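Please go over the structures that come below.
Consider the two complexes below, in which chain A is the common component and chain B and chain C are the respective partners.
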Partner chain A sequence: MDTRRGALAVPKVRRVGFFTSIEPPPESSQRPNRSQSGPVEATTSSSPLSNSPSGNLISPVLIPPSRHHSDNLTSRVAAAAAAPVPVPGPAAFRRYVAHDRSLLHVGSYNPPDSLLGTSTPSSNGEFSEDSASLFGFQRSDSTKLSASFPNGGFDLTLAVRAPQESETKITTASASEGKKKIAEVSGKSESVTTKPQKEKEPKAPKDKTTKAERRAIQEAQRAAKAAAKGEGNRRADESGRANPGKTAKKPQPKKERLPVTSSVSEKTAVAVEKEKRMDVPQTLMQYDDRSRVDKAKRRAVVEQTESKNKVELFLHLPQYERGNQLPNLSSNFFTLDSIHHAVYKVGLQHLAGDISGDNARCIAMLQAFQEAIEDYITPPMKDLTMDLTTKINGYVSFLIECRPLSMSMGNAIRFLKNQIRKLPVNLSESEAKSSLCSDIGRFIDEKIILADKAIVQHAVTKIRDGEVLLTYGFSCVVEMILLYAHEIGKKFRVVIVDSRPNLEGQKLLRRLVTRGLDCTYTHINAISYIMREATRVFLGASSIFSNGTLYARVGTACIAMVANAFSVPVIVCCEAYKFHERVLLDSICSNELGDPDAVANIPSFRTNAKHSKTIDNNKNLQFLNLMYDSTPSEYISMIVSDYGMIPPTSIPVIVREYRREHLLL
Partner chain B sequence: MPDVQSTVVEFVNKLRKRKIEGSQATAKCTVELLRSVISHQRVPHANQAAALIDAVKAVGEQLVAANPVELAVGNVVRRVLHIIREEDLSLTTAAMGGLDLLDASDDDDVDNCKGIGYPAMSAAVVAAAARSTLRPPSLQTLLEGTPESATVPYTSSSGADSESKTADKSSLTRKLKHDVIEGVNQLIHEIAGCHEQIAEQAIEHIHQNEVILTLGSSRTVLEFLCAAKEKKRSFRVFVAEGAPRYQGHLLAKELVARGLQTTVITDSAVFAMISRVNMVIIGAHAVMANGGVIGPVGVNMAALAAQKHAVPFVVLAGSHKLCPLYPHNPEVLLNELRSPSELLDFGEFSDCLDFGAGSGSLQVVNPTFDYVPPNLVSLFITDTGGHNPSYMYRLIADYYSADDLVM
Partner chain C sequence: MWRRSPSFILDERRSSNSPPMADTTRGPFQNPDSISAYYQTRAAHHGVITSDWLAQAQAAVGGVTGEDQPLSSDNQLGTEKSFNVIEEFNNWRKQPDLAEAVAAIRALAAVIRASEASTMMELEIELKKASDTLKSWDKTSISLTAGCDLFIRYVTRTSALEYEDFNSAKSRLLERAEKFGEISCKARRIIAMLSQDFIFDGCTILVHGLSRVVLEILKTAAQNNKLFRVLCTEGRPDGTGVLLSSELSKLDIPVKLLLDSAVAYSMDEVDMVFFGADGVVESGGIINMMGTYQIALVAHSMNKPVYVAAESYKFARLYPLDQKDMAPALRPIEFGVKIPTKVEVERSARDYTPPQYLTLLFTDLGVLSPSVVSDELIQLYL
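Moving on to the complex of A and B:
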């Protein structure tokens, strides 16, 4: 037991995400032969290590189709971004790399056993809760992962702490199993055991005290929150979970590398949490709620006429007639008072569909706000912060009337409001305005333009000569990637899949063909035919939710699904500012409806399929033009963001950890 | 028979130019053509069945070569060949029965009467009886060829006296051709009536408030849905539009005309909507022997989505769509690429397609069909009832004789 314990304390870094492997694969003979867990270990760790392509250092790894790493944020993607690094094969999950300086446990495979961990008896209930909250962001939804580790993962921290609480008898099967496995793991890398152990030991008592502290803080926060806002239950709960997560990191030696040192900023964190709560847009307006819709209508600038033939399934979404309000609105252009003309212009462009694409829309909106802020004069007897916020709110609701905001725009608006709120009181009006404008400019530069460049740099490393890259619709990031890869002389072919009614792919096709790329164009129905040729799928995104769901142009899910069926890796390119903390399961609850007439109108050469006007008015016939759909995370092999290349399971981590930084900027 | 030859050529040209669309229409035309071929075929005294088979085969080969992707042609030709063989077999058993009688009674007239009267019973019954008595449905039936048995009567009847022999022969000859044409007529009837047969089963599969997704334009699906509607079931139908042929719009138009609640969705929204769909119903272009389905393009995508959401994927197919072949690389070999102009206007892109230096190439792919592997199909509904994909090979053994599988 003693030897096991010594082994247990071995702090090891399990680096996930992507990295170049440092350690040679441990020999299986080194492992002590334990009863029960020995053979399992052999199947789980050593065999994939030996055959996995990530085992060797140089070869870039081809990503198998559905790969879900439980990742964590501390593998600093940005740092690793400089070098083109292989995405780890499945074996990499199990790789406990001995790290020379900061030795710590940054994560674990939670899978099925983490549940058991939380249900352990009261003696270790304390730490298991911690570990649950610490690793709460690690999603275990990937069946493949858990399948490949039949013994289940275990919480490293749980196991590490177990021996420290020597008086507690760990009787549960999961804990003992965890210990056994830890022993296994340690057996693999005995060379690094001694030093870290010393480092670790003095931390134990501290650990205990902080636990109590943490509890107290947590309780206090909860109470404060409950008092402050009774209705924000969901948020309070979430933040309550988020905070212990942060504090739980404290005992970890790596805390100085974390973006936010929680021990000092506990108070500010609370404040931030509060602010966040105010930022979070209220749950989307449900359009089947009559009273609220009527109320909203009274305030509305844009007079939308509701479409007559609504699709019942989507009554909760706005279904308006298209195109009839535009002339009216354009004539109002010079008489408007409440809306700044720049914002008004952008709104009309959104309404008419002149600007499409999330990035373009977001930039247009931010620039309009910039202009509006420049022209803004604080009315007498009013506070700049308060008044400007209400003004912005008015603009935003106008924009929503024109076209529902995308998730990324919501994020940008939150950022802007935060900047306004955080303005120092002593700033003069002009200073405040210029500071806000420069903030907006910096957001556009850093979060969108530079982020795109970073994504291009990352993604290009995944393109090899002779490949056939498939893309869907039009995504400007994907276009940049393809053009850049072509520029640096990679030889590849592009398959552009398109769909009605927008036919955005034709725009991309035109741009690529004129730049001299070899293209194949087809429509989405032929995806099963063309997918056999493809070697990689590159997709753009409108947003990625924190459960890993990809929210993108309708049809993306089909592409990802078929790619998955054909074992083609799916790479999603998405700027990190589009990540969103909401969760989404299907494409019905949250979506946007386009113009149904666009579906009804079909090209003229198919005259026999045309619908006559009389049939159009038939109550029984409806046309549904969905704009987005949601792709389950299991179809996504990798997400390329400005923070690096990450698995979809890491989205909540990025959202949680970088949101703070993002808000502070 | 120059008129038959000319109609064959005309039909071959139509097939080659893809003037006839849809497997049902093709099957109908084919079987009618084969009927006229049979009726004009002059049959020799000896071995009439073989002569008929050769004639049908010769025409069938031309037709299949004209449009190898339209599997219904081959299926119908095989069905007709099967009919000829069955009729021949039933006549043979009748003749043999007659010979036994002859030996017993030594009376020529009775024998002749029997010889004619016996097959006057329904040919199908006799065929079934012949199969059950002579050759029970077994592996042997499939492996053993019919020609040997077809030659049996002539050798055995050669023992009878010359007068009865000639009479017997002439009646047999007339009888065979007549029976074959009768059988072909039945086949025509069956092809024409397969919709009703399938639609009758609709009520068993569609319940109240169901949401059904379909794609492509299929008459069978239309009749199936309407039959359920007529039985006062109320349900809604989502129709994928099926770009670039927009057959979904055609189907939607018909459904609306018949009063069904119809919603047209884009093809890209199939995955988004499938989570709210209770059943996917499609009409097949052809059903392969392994239970795989060839359907309108986009079907595989819908089938995968249905599997992901555990939605039943139901395929409606008349028996003339059952193809006795096992598919090899069906996505390519049993597919057809249509004109790129349906997807892309060349005029719009001609400017960027400068074939000089530094310009990229542009290909446009526009396939017509899609292959759905059998593991994605939940149920086949044919005119003989519902079947599992794994049962298809057995149905095929009922409809085709093993000699004709390779034409």
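Moving on to the complex of A and C:
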């Protein structure tokens, strides 16, 4: 069966925007009916164009009828993708992909029966990513899913129950209220009844040739669905009638077989993954990847509880509930064995937010590593290079648990690992250790401290008398520049723009005012007003990617864009060790989620009892506290790094020319 | 039409030399003249570039060689060596067809030749000093500074220097210096050849300023029997367009002279815009004669390609953020009528064109997009 052709034949529809977890209607209702010529039923409120069952989702795209069963699957998927209201973005796809593997062996999905060849999980790869992932997703047990997706759970059952109602939870919050009740009532029977429906799917290819038969089944399903829409409780029976005699018999024997195949595939996948990880250090973990997250959790030192109410688009990022792990961790302090105490301390500081700022975090981490290496003793029968690397890896994963690493820290870790790998074999342990420690010290000195000084020297030449410099948030390099410029007698004024919830600008304001600088403090809301006065914008950076995209504290992009609109030059100050060879296109793929309560915690809001009730434990309300955003390079006039003043287009040159040197140092 | 004659320039330089202006900020090395030396050089070159003035200029050079000596003897700190550098430089500078940077390169090569240093380090320090003297003689000239820097980079960046004995190392340095001078001289030819692909039959080219590279390009195109038309801006107050158009008409290229303010009016009949450059800065933008920026803006808004012809020794490690972000090169401006003393006059001789308004740069390194300039500079300097 040519599954690939099917996937190719279907036009791919890109999904954009926010969405809630909406999945395609269940298999039963999705019976392929590419040849359906019957009248469009009243329940399908969609345009008459889409005669595929996914027309239930209001689909503006006519999917060309295809010949194979698999074609239909994919086309259905694509049609579902084309539905205008529930538009899952790329993040969702990733999530689906991630779940695909782990969920394959769950539920009643019966691979051997499938004509699709998807019975062997490897053939999943034949599909386009989207279809494959959705495909796998559909087969998974809905209850299982509802457990794994806290806020998606009801949506899932709903989608199974009444696909035509599958609108985003966010948009139709009120509508979902009623549905929820139905779901709760028939929640138990639901999981049973959906199984037979799914069971039928693998069977389908057998009666592939008989159109009429299929159509009959389809009609029956439609009828069932229509009934279900009218009355949720009765629907279970209806669907049971629609495909009778297939209940609960098959799952048992097949369940045995499936885990075997899937576990094998998982093993190979793990191996591949491992290899990949060797090649590409610091691949970002996708936190919607259940299996990996679970595995990571088992190893975890920090017991984090994931936040329940996450924004869908950012499910791939870790978000934990704050404030409950710290006492637990600090009580563990004397019992820990695998983590060096210096690293542990730094991890706790990261977790508690005592150390913030990329440079400070990076220096603290490196110094902790330095200490750990000093105390390190190679176990007998082990190689220092190998063992130390695994040790460092353990430390790093601990630090990641505490708080996701910044790009600069990733670079520093890469440097350290390279140093370890490059250690001459004939070096004695003490020599090796002292050489590593001095390397780390040199990295801190040359790449961070001296680099900052060089940046200050360069940037000061761009400050003239009588200027108004605008800065956003807190960046220690920018602070150094402003203080130095003041010291050498330049006359200028500073506008500090700040934003909730961190209000880091206040720290900068305090420091500048005590040194006698003329400051104006405002919030980001006033940016378009205050930008009129500014003649230069100085920004700090967390990282700069090789397409020139600036990755910095959230709000930076807004500042840069407004400055660009007012044609005020934007100067970004960034040490070269923060340059990264990756390419970043949006702020979604790699980002960090902060404490959502910080956003929710508005003083006036809290005091009002009525408001606080709406905020607390409201399923329809999700707080998003993004930590970073990305600024496209066209809004940046200049980047000041330790290599001088360069345009953002030259980042790849620096990365290319100095990566070798950077690693060698 | 008011035209500046070479003798006029020389007269003016002489007269402005004698009463030193009350400018307290001026360092001891600086050219003691409120009119930037950059502008003087350019004006002098514009004067002598036309062939019929060549003889006159050459004659003037003979009379003037002594003139610059008091100028350079102003620097009290100047040693015998640095004095020689300036003199040497000025001698080379007088050559009508030699760019300022190339003259500086030649002068620095002469420094190596004349050096009595006995160690490599000494020689390097001497060279550095000489180039510093040259640079401080005229801080406003970008190509001079860039040429000196590049020369030092190019010459001293030989790994061979460390192993060989001093004399062979010195000869090696000289060799490299000569080579660099040669490359710089050839640059204009290379650029002219490279740009031929961009000039097609029947096109109309707008030219602003009097750039020898652009002139070379147009000359080569005419020699290749390409049929094209040139629009020259007048280029007040130097009348650069007038000079260029008279040169072009000698080559039988159809040429039309416009007022500087008529650029937007005639832009729709233009197919491409050609500029020279005084300096190419790190962002990929150019610093060029006043008016370049506005023409580039007009061309950009009308979607006409803007080509810049510049030798690679004009690449400078500068990064102006806006127009006022560079050392201003001031010049005298004649309005023909008496200007009341209360009226201020904008005397800057050049402006900065940001890279987003330029299409391509023709350099002896190849045809580059503006963003590549920075890449080249990084590879050269870091």
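Convention: the second predicted complex is superposed on the first by the 373 of 665 C-alpha atoms of A that agree within 3 Å, B and C clash if a C-alpha of one lies under 4 Å from a C-alpha of the other, contacts with A are read in each partner's own complex, and residues count from 1 in each chain.
Keep in mind that, in the parts below, a residue touches a chain if its C-beta (ideal position, glycine included) is under 8 Å from a C-beta of that chain, and two chains touch if they have at least 3 such contacts.
Model, not experiment: these values are computed from the prediction.
> Answer with first, second, both or neither: which of chain B and chain C does A:F623 touch in the superposed model?
first
> If we overlay the two complexes on their shared chain A, which of chain B and chain C does A:I602 touch? Say first, second, both or neither.
Once the two structures are laid over each other on A, A:I602 reaches chain B alone.
> On the A-aligned overlay, A:S338 touches which partner chain: chain B = first, chain C = second, or both, or neither?
So A:S338 meets neither chain B nor chain C here.
> Should A:E657 be classified as contacting the first partner (chain B), the second (chain C), both, or neither?
Once the two structures are laid over each other on A, A:E657 reaches chain C alone.
> For A:N393, is the partner it touches chain B (first), chain C (second), both, or none of the two (neither)?
Neither partner.
> On the A-aligned overlay, A:R510 touches which partner chain: chain B = first, chain C = second, or both, or neither?
first
> Thinking of the overlay built on chain A, is A:G644 touched by chain B (first), by chain C (second), by both, or by neither?
The answer is second: A:G644 touches chain C but not chain B.
> Is chain A touched at more residues by chain B or by chain C?
Counting contacted residues of chain A, the larger count belongs to B.
> With touch defined as at the start, can you tell me which chain B residues reach chain A in the complex?
Where chain B meets chain A, its residues are 238, 241-247, 249-250, 252-253, 256-257, 259-273, 275-276, 297-298, 300-301, 304-305, 308, 331, 335, 342-344, 348-349, 352-353, 358-367, 370-371.
> For the complex, give me every residue of chain A touching chain C.
Going by the criterion above, the answer is residues 462, 464, 536, 569, 571, 637-638, 643-647, 649-650, 653-654, 657.
> Using the touch definition up top, name the residues of chain C that touch chain A in the complex.
Those residues of chain C that touch chain A are 282-284, 317, 319, 321-322, 324-325, 355, 371, 374-375, 378-379, 381-382.
> Using the touch definition from the top, list the residues of chain A that touch chain B in their complex.
311, 313, 498-501, 506, 509-510, 512-530, 532, 553-555, 557-558, 561-562, 565, 586-588, 591, 599-600, 602-603, 605-606, 608-611, 615, 618, 620-626, 629-630
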